[in-house]
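Going in written order, the chains are labelled A, B, C and D, and every chain counts its residues from 1.
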Amino acid sequence: DRTHILNLSCTDRPGIVARVTTSIAAVGGNIAESAQYWDRSTDRFFMRILFTTPREVNHAVIHGALRSAIDGFGMTFSLTDGDRVPGILVLVSRFDHCLLNLLYQIRVGWLRAEVRGIVSNHEDARTIAEQHRLPFHHLPVTRDTKPEQEARLLELYRDSGADLVVLARYMQVLSNGLSTALQGHAINIHHSFLPSFKGAKPYHQAHERGVKLIGATAHYVTPDLDEGPIIEQETERVTHALSADDLVAVGRDVEARVLARGVKLHLERRVLLNGHKTVVF
Amino acid sequence: DRTHILNLSCTDRPGIVARVTTSIAAVGGNIAESAQYWDRSTDRFFMRILFTTPREVNHAVIHGALRSAIDGFGMTFSLTDGDRVPGILVLVSRFDHCLLNLLYQIRVGWLRAEVRGIVSNHEDARTIAEQHRLPFHHLPVTRDTKPEQEARLLELYRDSGADLVVLARYMQVLSNGLSTALQGHAINIHHSFLPSFKGAKPYHQAHERGVKLIGATAHYVTPDLDEGPIIEQETERVTHALSADDLVAVGRDVEARVLARGVKLHLERRVLLNGHKTVVF
Amino acid sequence: DRTHILNLSCTDRPGIVARVTTSIAAVGGNIAESAQYWDRSTDRFFMRILFTTPREVNHAVIHGALRSAIDGFGMTFSLTDGDRVPGILVLVSRFDHCLLNLLYQIRVGWLRAEVRGIVSNHEDARTIAEQHRLPFHHLPVTRDTKPEQEARLLELYRDSGADLVVLARYMQVLSNGLSTALQGHAINIHHSFLPSFKGAKPYHQAHERGVKLIGATAHYVTPDLDEGPIIEQETERVTHALSADDLVAVGRDVEARVLARGVKLHLERRVLLNGHKTVVF
Amino acid sequence: DRTHILNLSCTDRPGIVARVTTSIAAVGGNIAESAQYWDRSTDRFFMRILFTTPREVNHAVIHGALRSAIDGFGMTFSLTDGDRVPGILVLVSRFDHCLLNLLYQIRVGWLRAEVRGIVSNHEDARTIAEQHRLPFHHLPVTRDTKPEQEARLLELYRDSGADLVVLARYMQVLSNGLSTALQGHAINIHHSFLPSFKGAKPYHQAHERGVKLIGATAHYVTPDLDEGPIIEQETERVTHALSADDLVAVGRDVEARVLARGVKLHLERRVLLNGHKTVVF
C-alpha cells in the first residue's frame, strides 16, 4: 500500500468533505486520519487527510480524481507522499542541544526525517556531524560576507533536496531576501514565549523582568523578525533564585522539545497556514 | 438552521467517510466539525461530525439518508440535536466546589447545560440550590435504606429528563445495580490521578506515599469502583511541606476543573466508548 | 502561643542569620518556617521567618531584641502579627469569576483573609456582596469624575483598615497618583502572560497573534501600567480552533487561580520586593 | 573560599537554627542558601545550609564548632564538601536516552557530576562510553549469574568512589541484598507516575487503562520494588490516538528530564529522607 497526505483549504461551502472523500474512495483510498477546521471569522475551511491506496495509485491518479473538486471549490492544496522520508537541513551556531535532540529523535524513530546536512557559522558542530556521518558545511559569516554566505546557504538547501530548513539555535538573523526565499520552509526556535522578549538575549530580558515562567516558541521564519506564524510553544516554571545564566540552562530542555515537536508537526504535514497564524492538526 | 451531532463507530473499511459525508451533503448538511480515529489494535473506526442543515431537515430525514450506510457498515451510531440544551442531575455530599464550578460555568456560558436538580445525602447544598432556584432533593442514606434511596435517585433521574448524572464529590459508592442502570450516563470525579489511590481518602494516601504531584480523574461510573473509562485527568505539583489537609485544599481546583471539562466533553458528544477506554475528540 | 512573621532584607554579610535567629531564640521564639535568598547580582540578602513565642512576647519585645541586628546590618524589615486575619478590599467591574474564587477560597479556609468591602464601577456585583453580607460600594467613574472617584476609593481603603487592595478584573486604569499611594498594597490580575499583550483586550491580541498558550499574571500595581513586579503567572494550552471569545472563557480559570495565589502569597508575607522584581518564598 | 553543605534533622525544639547558625558564624561561615522544614505530624525538623568559609576552615574545624549542637539536639547530620565534584556510576540496559541526557547535562554544566563509569548488561552503550572516554563495564546477567554479577557491580561502585548509582533505564530488578547495600545511594527512574503502574511495561499498562496523562518517577532504590522514597515526578498529556509504542516514545523526554532532576537534587544534597518519604529543598 501507499500512504498519501492531502492538505487543502478553501472558502467554506457545503459538500466539501463529501466531494473530497468520495474522490478518495473512488481510487480505492482508505482514510486513516482526518481533521478539519472552519475559521468562522474568515469563513475559510482547512483539512488534512492521511489515506492509503493500492500501490498503483500514484499522485497523477489522485490529482485526476480530485481535479473537479479542486477546481470547483477553488482549493489551495498539496499532496504529499507519506512513504518518503522527508529531508531537513539543520542550521546551528554554538549551542547544540536542539541539534542533538533532533538527531536523537530521528535515531529512535520518534521523528521521521533524514538530515541532509548540518550548516554552521562555527566549527563546533563538526564533531557531531562526523559522529553521525552527516555532511557538515562551515559557512562563517561577517557583515560583509553575509550576502554570499546566504547565497551559498540557499544553494546548499536546494542541492540537498531537503524539505525544510531548521534553525536549531542558529544565532544569525536571516536577510529579508533569504527569509522570503525560504518562507514556509524554514522553522526557527526562539528561546522565549513569543511575543514576549523578541530579539536578542531573551533569557536575560526575562530575568530582568522577573517573570515566573520562561518559554520557547517554534515558528516559521519570515522577513519580519520573531513575527512568523507560531507552530508550537511551551513554558517552564522558574523562580527568583535563578540567574540569567540559570535560565539559559533551564531553557535548553524546553527549546529542544518545542523545536522537535514543531519540526515533527511540519513534516507530518499537520501545519497549515491561515494568514499569519497556523492551523495545527 | 439546525445543528446535529453524529457519533458513530464500526469496523474499519474503505469508504466510510465518503458514504457518511455524502449522505449528509444529500440532505443539505454543512460539516462544521469532524474528527475520526482508527484504533489499529482492534481495527475499529470512530467518528464525530457536527453539521448544520436547513430547518426542515429533522432526525427522521437524516436517519433515512444514513440508513444504508449504517446498515452497510454495521455502525453503532447516535444522532444528537445540537440545538437542545442538555440536562444534568448533580449529586453532591458536603464539599461543594465542584457543584459551584458547574453552576458558574453554566451561568457564563462555557458549559452549555441545564441543571435539572441537585441531589444530596446532606442538607448543606440546599442554600446553593435555593440561590440558583433549582430543585433540591435531600436523600439521606444509611446501609439499610440504600436500596430505597437509590431507587428514588434513579426515579428522580428519569423524571428529570436529564441526559447525565454528575457525581460532584458525592461520597457514596453506588450499588452495582444503580451503576449498571446509569452506565454511560454518569460521570464521577475521583480525587486522585487514577489508577493511583483508588478508594477512600486518596489525598491521605497520596500524602502517606509522598508523591510530588496530585491529580484528579473524571470517569464514567461502572459497577467496578474507580475502574470506569477515563475521560479527563490533570495533575498539580505539590511538595513535602503540604499536609494531607493541605492536599485536600489544593486539590479542589483541579477537581472542579477536571470534572467540568469531563462534563462538557460528554455533553458535546466528544466522548466515545472504546471498550473500557474512551476516544475523546 | 503567638505567631510572628519577620521579613527583612539588607546587604549580604556573614552572620546575619545567626544574629537574627539568636535574637529570636532569646525571646523564646521557635522558628517554624524560614527561607532566604542572596541576590548575587546586587549582593542583597532577603529573609522570611515565621516563628512562635509565648503569649506575652509582643512586638515591642521582639523589636527590642532585634534592634541591634537591624541597626548593625542596616536592615529593611517588617514584623507581622501572624494570628491576625488580614483584610482585603476587592475592586471588580463586570466579570466576577476572580471575586467569586476569592470569596470561595476564604470560605473554605485556603485563603486566610477577611473581605472588608467590595468596590465596583458597576452594580453587577451587588448581589454577590449581599449574599456574603459584605459592604458594597458602587463608585461609577467617568473621565471627569475620576479624581473624585479615586479619592473616595482611597478613603474607603483607609477607613476599611484593609491590608491589601485586590483588583479582581477591575477594568479601570488607576491614575499615577492612586497607583503611587497604593504601591506595594495593591495586586492586579492581568489576563495575559506578561510582558506579552499589555494593555487592553489581551485575549483578542493573543488570538490575533495565534499563540498556542494563553496566561495570566498577578502583579503589584505601579504607575507604569502592566509593568509592576510580577508575583505569579501561569499558562494554559489553547489551539487554533478557539475564537477570541473562547479564549476569554478558557482564561477565567487561570486568572482566578493566579490571582488567588498571588493574594495568598502576599498576605502570608511571602513576597519581598527586590527592585522591580519579587522574591517569592 | 570553601563551600560546605550541611544537612541535619532532629526532633523540633526552640533554638536549633540559632545554635547552628551561630556555630557557623563562629568559624567565619557566610550562609548562601538555607531551607528548613518542620514536619508537624512527626515533630521532626529538617535543615539544609550551604555556606562558605575561609580556605583554612576544614571539616574538622566545622565539626568541632557544631559538636555541642549536634549532641545537644541529638541531630542526624551530614557535612559535604561543596567544592568537590561528586561521582556517579550509571547503570543502563538498551534504552540510552536517560544516559545521554545525563552526559549532556554534565557537559553543559547544568549537572555538576563526574561519571565514574557506565555499567550495562548489554553491549549497546559501549560506543557512547567510548565517545565520552568513560570506563564501560559489560556485566551480562542471567538468573543463575545474578549473585556474582551483583557482587561485581557493588565492587565496581565501591572501587569507583562514586557517590551515587543511577539506574538510567536499567531493566533488571536489584536483589534485596544489593538494594539494601545501596540504600540512599541509588536512584532509579520508573517510567510511570508511581504508584500507578508498578512493575513491568508501565506504558503498556497505561495504554491498556486509557489514562490521559503518562509520567515518570525518580525514586531511591529500596528492597521493596517501586516503593522507594519519591524524589521527583512529572506527567505529560497523551490522547487515545497514541499506541503503547507511541507512549514509550513520548515518555522518553519526561523520563530523561525527571531522572536528571532527581540526580541533580540528590547531588546538591537537597533531598533528605523523612521515613519512606523525602524532603526536597
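The criterion applied here is as follows: a contact is a pair of C-beta atoms (placed from the backbone, for glycine too) under 8 Å apart; a residue touches a chain by one contact, two chains touch by 3 or more.
No experiment lies behind these values; they were computed from the predicted model shown.
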| item | value |
| --- | --- |
| Same-site or different-site touching of chain B by its copy chain C, using the half cut | same |
| Contact-richer chain pair (by C-beta pairs counted) among A-B and B-D | B-D |
| For chain B paired with chain D, centre-to-centre distance based on mean C-alpha positions, whole Å | 41 |
| Centroid spacing, where centroids are CA-atom means, of chain A and chain B in whole angstrom | 37 |
| In chain D, residues with contacts to at least two other chains | none |
| Partner chain C, residues of chain D touching it in the complex | 12-19, 21-22, 24-25, 28-36, 38 |
| Residue ranges of chain C in contact with chain B within the complex | 97, 100, 104, 108-110, 131, 249-250, 252-253, 257 |
| Residues of chain B touching chain D in the complex | 37, 40-41, 193-197, 209-213, 215, 229-235, 239-241, 243, 274, 276-280 |
